[in-house]
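Multiple structures are listed underneath, in structure tokens.
Each of the next two complexes has chain A plus one other chain: chain B in the first, chain C in the second.
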Partner chain A sequence: MLKALKLEPEKCTGCLQCEMACSYENTGAFNPAKSRIKVFTFHEEGRFAPYTCTQCDEAWCMHSCPVEAIVVDMATGAKNVLEDVCVGCKVCTIACPFGTVNYEADSGKVIKCDLCGGDPWCAKACPTGAITYVDANETGMERMRAWAQQAPDTAPPRTNPPREKPINVYLSGQGGV
Partner chain B sequence: MKHVIVGAGPAGVVAAEHLRKYDPQSEVLLLSGEPEPPYSRMAIPYYLIDQIEEKGTHLRKQQDHFRNSGIEVKTSAWVESVDAQGRRLNLKGGEQIGYDRLLLATGSRPVIPPIPGMDRDGVHTCWTLQDARGIVERAKPGAHVVLIGAGFIGCIILESLALRKTELTVVEQQNRMVPRMMDDTAGGLIKRWCESKGVSVHTSTKVEAVEAGNGEHPLSVKLDHGAHVPADLVIVAVGVQSNTEFLDGTGVKTVQGVLVDRHLQSSVRGIYAAGDVAQGLDFSTGEFSVHAVQPTAADHGRIAASNMAGRTQEFRGSVNMNVLDTLGLISSSFGLWMGVEGGDSVELHEPERFRYLNLQFQDDLLVGASALGLTEHVGVIRGLIQSKVRLRGWKQKLMDDPTRLMEAYLARTQAIGHNAPVLA
Partner chain C sequence: MAWTGNVLRVNLTEGTVSKEPLNMEWARQYLGQRGLASKYLAEEIDPKVDALSPDNKLIMTTGPLTGTMASTGGRYSVVTKSPLTGAIACSNSGGFIGAEIKNAGWDMIIFEGKSPKPVYLYVENDNAELRSADHLWGKSVWEADKLIHNELQDPLVRISCVGRAAEHGALYAAIVNDLHRAAGRSGVGTVMASKNLKAVACRGTKGVGNIKDPMRFLQETEKRKQVLQQNAVTGQGMATYGTQVLMNVINEMGALPTRNMREVQFEGAHKISGEAMHEPRESDGQPNLTTNGACFGCTIACGRISTIDKGHFTVKNKPEYWHASGGLEYEAAWALGTDTGVDDLDCLTYVNFLCNEDGVDPISFGATVAAAMELYEMGVITKEHTGGVELKFGSAEALSWAAEATMKGEGFGKDLGLGSKRLCEKYGHPELSMTVKGQEFPAYDPRGIQGMGLAYATSNRGACHLRGYTVSSEVLGIPEKTDPLSTEGKPELTKAFQDATAVVDSAGICVFTTFAWTLDDIAPQIDAACAGDWSTDYLLEVGERIWNLERDFNLRAGLTGKDDTLPKRLLKDAANVGPAQGQVNRLDEMLPKYYELRGWTPTGELKPETRQRLGL
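And now, the complex of A and B:
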């Protein structure tokens, strides 16, 4: 059974332990700037949202790569960047519609979440259970594909009134701002 | 069922692999007019700076990948014409190949401008591996190189040439660099940045001729304001055009490229097109355009294959987008970055830090953006545009601080928390 990161923003207190753990695991130093998971802050509401790659099926990053530097880890389903193959062209960073592949100027390569090979440190470090690593179909949310399906597909955007997304608003209980 | 694909760039290769997956019983033949195994043009800049070897540009690095996946590859197989009635390809050399379904993935080629001297020795395009080998020969450290054209492809090559430590002069006839990707402000910043790195940039300047040089350098590039720039190598990158000539007489409708419907099928049943050769739906305008970039080639290839295999899938249109690194200054643009009538926009401009971000809205939808020096989470711009997320109150927040794109996306969607199963 494949597992997935379950992110529950309503449980996040913004402590950034996940960013610390991620950067330490991946770079050997506590440096949130190098973390593959990011906590976004909503000052107005005093809310936080941890966010990282969902290892989506469409794998836009992987398909846009000109040199096959992004591959599927068959054990975890993660899309992994092969650092020695990546040429740093950045096409994947614009192809990923979730904004979760980032270019890192120091190394000249891109970085993204690789689920730590099946033992994600962000989840282990989270003190409030906002990040857990659970069976993929227990994440209790619509498949990511909901994103892809919401785009109107019959007429061009400028002649088609935009539609409301059929899925829940992200910050539940907050009216979605 | 025999599927034949003409062209072994990313569009052709992605299509071949998906055909294999969707239609395992069929025969899949991939033809390339070039002598090389399938490869990726966009890896060429990295070959030019020795970051990868030639084989690093090859598409599918595993030995025998194509044979093992049951895809027959034929190189040096140049298609001269198509007999659409008889469903046959006529190859250079006389060979004929029959097909049931045909995918045109012949890409595009660089335009050669009508300037005297384009046929001189030392004037190159930078498009194929063969071109790249010639450039490596000539673009030695200290060599004088003139690059004609500072569009997207020109600017990518610019970086490679500068990193090869050549004495580089760039000539662009429009008033700014990357004119089809960036506005005056951002284009101006890119120019200033490149100049600060030692590249000589002439905008609003035309090349009148490439003449014989005298003495040290074999070539001399004559500019319209009278100057002559000595050169050992001239590289031409003024634009591309789709490779459609071999379709004359087939009834396949072409304008800029092969016009394809939402299934990527051409006007002739059974003939599909994908990638740089295809003029497909533009997500942002609803019109049909050639988007000659890698992500579109991959998307087209996948969807064309699905339809060829009888699994109907509609293409929703490509968002025009580019990302460019000019000697460390990273720029990107998405969709209707120049804005729409009746829309509004917000701009963040910090020239001393070479930072720029311009967002374009229509009502409360993000429809386009361009950015300089922004690399964190840039992809979410595509997400916001293509998912047509209504921004509501977040539009004003973005007007106040346009960098909060990711927060806007998160607040307005619920795109988190799942992990996809392994690709089948």
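And now, the complex of A and C:
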């Protein structure tokens, strides 16, 4: 089964654990500046959004590379940069419509998400489930379910169960203390 | 290692920056952040110096876990001598700049002297330079933040900044980072502004890599993230309600100080609680709370991001406040709301925005307004002083006016900027100031939570809940439940919390983890990251050493055991209602035992054998 990273911005809190995990896996240091996944904060809207390469099938970056330094990992579907081959020309960074391939001045190469060879650290590190690694064919499943739930009911009208309200763990005596 | 081993020293008088190695012997004794910077401060300044003179120093400091994947590992502290208390100040903040300083390769930045003209420090990895802040002086934190980002052409720069309140000399000014996180207490912002230092802008791309045992570190930190996740408080309560989870709880137990601590329960608590922040408003159908948000590396995410109703009187025709920004935490909601008797949630949020925008500590500000309101009620402060404003308990209009005046340092706002102690002295009623060592109380009434009385009285930075949060045990039962109305065992409890918290504050992580973690959870994370052996027992010794170092600083600064006390109101006037009705704080039952446990003399001095035992 081919898997894909599924990003759900509405669950993101902006903690950057994913950036630290990504950078650690790739560079051996906790260094958000070198992360291939980025969390964007839209402060005035109160929104956070993780963003990284979606591994296009017909990848612009791969097709644009003049030295064929970007290749498909057949096991994961990831488009990987062959560091030894990359000449740092940055054409792929221009070709990618999403900006998820980036040049790294220190190494003189480009870097992008490689799905950590099929075990992405960002997904493991995310504390809220905003980043998961799921069946590539069904990344929309949760959203479909949510919409399905709201779909008009052809059956006779009935009372919907009340929406779940957050529980105050102290007042309800459920505190694990 | 986990420390970077580098200290950036900035001489503001000379306009020079220099790099020096971190004193690793001290790091072994004091861990980092609060402890280590306190050691530097105690060694480098005479504790008797005027806090606002060039002789004082200001240290921005990270811990060994700052910038790592340890949950909440993004903390930094500002350590200096406080102008509010005359004692040592250490204010801790989350957000993102702590990790950024560490990523740039620095454990701490020491500021000394005073710049002849306004400057800000720009740090980009190894490069540090002082730049003119002439154009930033007189600007709010939010304005300056935008201007600096534009000037440096780098949206990823993280900024700590002081606002207009600090420039005007308000004695409880904060240093605000990342727009709405703050090193809030004790006037650290006032010290920064006194040095003509407007801001620190930092960009770090080096990363934190020198972990002693990386694989073990990842395992230990992951394990403890699970502990946080599975705990009801850190896993659910804090994300849903933030620290505001406490408002209704503390009110119900009759320990919510109300109207300048005259009362212990607030009839409007439910209107300004964490639950209320979720309720859709009648006016626009939106809740006050927009979302929760995390500081760097935090898997709890208690931060509140709020939006005020555009039609609310405080922001009507002021679109600059219509966006989402840092919302009410419990202490702010209490000080701005309960202590002033104001139950208008959006008004409190607006005032909280102002506190972030212009950098003041909302606890001290709210408590000072509360004292002023009591003086107004008594007829001591009149409309003549306020320029016609009715400074009444419960008046949202008066509260928002007071905030605007304080930020601008105009008229009566100048008086409010003095803090409660000096304000009450100025108007001839020092007994109405609800402070310890000149710092205003936070949101737990020590008549209903006895241990907090001792924690407040003995806190090294004046009244503070974060120096020994016995509420954990007395209210929430963490790690075990004790009777909040009893003084028995409270000296031991207070000392244990104080020492443990000193460790947490020195590690680079957030004290809120201790709702779920004990030192047994924290020690393995430090031990996996840092050179040397860091057992729980050794860390407790470190914590005790830090506490005594701070105490020693304060004694050398001229404070004495006599300063370890509470206002008469809390010692003599019994709680009027609720479960604690009839109670006063029985500090005298706890203090002698506490001194004894600490290894101090009956007058609160460190005994020679205590110094020797701790290597002071």
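Simple rule for what comes next: the second predicted complex is superposed on the first by the 140 of 177 C-alpha atoms of A that agree within 3 Å, B and C clash if a C-alpha of one lies under 4 Å from a C-alpha of the other, contacts with A are read in each partner's own complex, and residues count from 1 in each chain.
Throughout what follows, a contact is a pair of C-beta atoms (placed from the backbone, for glycine too) under 8 Å apart; a residue touches a chain by one contact, two chains touch by 3 or more.
What you see is a predicted model; the values in this text were computed from it and never measured.
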Which superposed partner A:F48 touches (first chain B, second chain C, both, neither): second
Chain B versus chain C as contact partner of A:A21, first or second or both or neither: second
Partner chain(s) touched by A:W60 [first = chain B, second = chain C, both, neither]: first
Which of chain B and chain C A:S107 touches, first, second, both or neither: neither
Contacts of A:P32 with chain B and chain C, given as first, second, both or neither: second
Touch count on chain A, higher of chain B and chain C: B
Contacts of A:V91 with chain B and chain C, given as first, second, both or neither: first
Residues of chain A contacting chain B in one complex and chain C in the other: 167-171, 176-177
Residues on chain B engaged by chain A in the complex (per definition of touch): 10, 14, 40, 42-43, 45-46, 51-52, 56-57, 59-61, 281-287, 294-295, 298-299, 302, 314, 316-317, 321-323, 325, 328, 330, 332, 334, 340, 362-363, 365, 367, 375-383, 386-390, 392-394, 405-407, 409-423
Interface residues, chain A side, partner chain B - complex: 2-9, 38, 40-42, 49, 51, 54-60, 63-64, 66-68, 72, 74, 77-78, 85, 87-103, 105, 115, 136, 139, 141-144, 147, 150-153, 155-159, 162-165, 167-171, 176-177
Touching residues on chain A, where the partner in the complex is chain C: 13-17, 20-21, 23-24, 27-34, 43-48, 125, 127-128, 166-171, 174-177
Partner chain A, residues of chain C touching it in the complex: 67-69, 71, 96, 99, 103, 156, 179, 204-209, 214, 218, 225, 229-233, 236-237, 239-241, 245-246, 248-249, 274-275, 278, 290-299, 301, 303, 305, 307, 323-325, 476-478
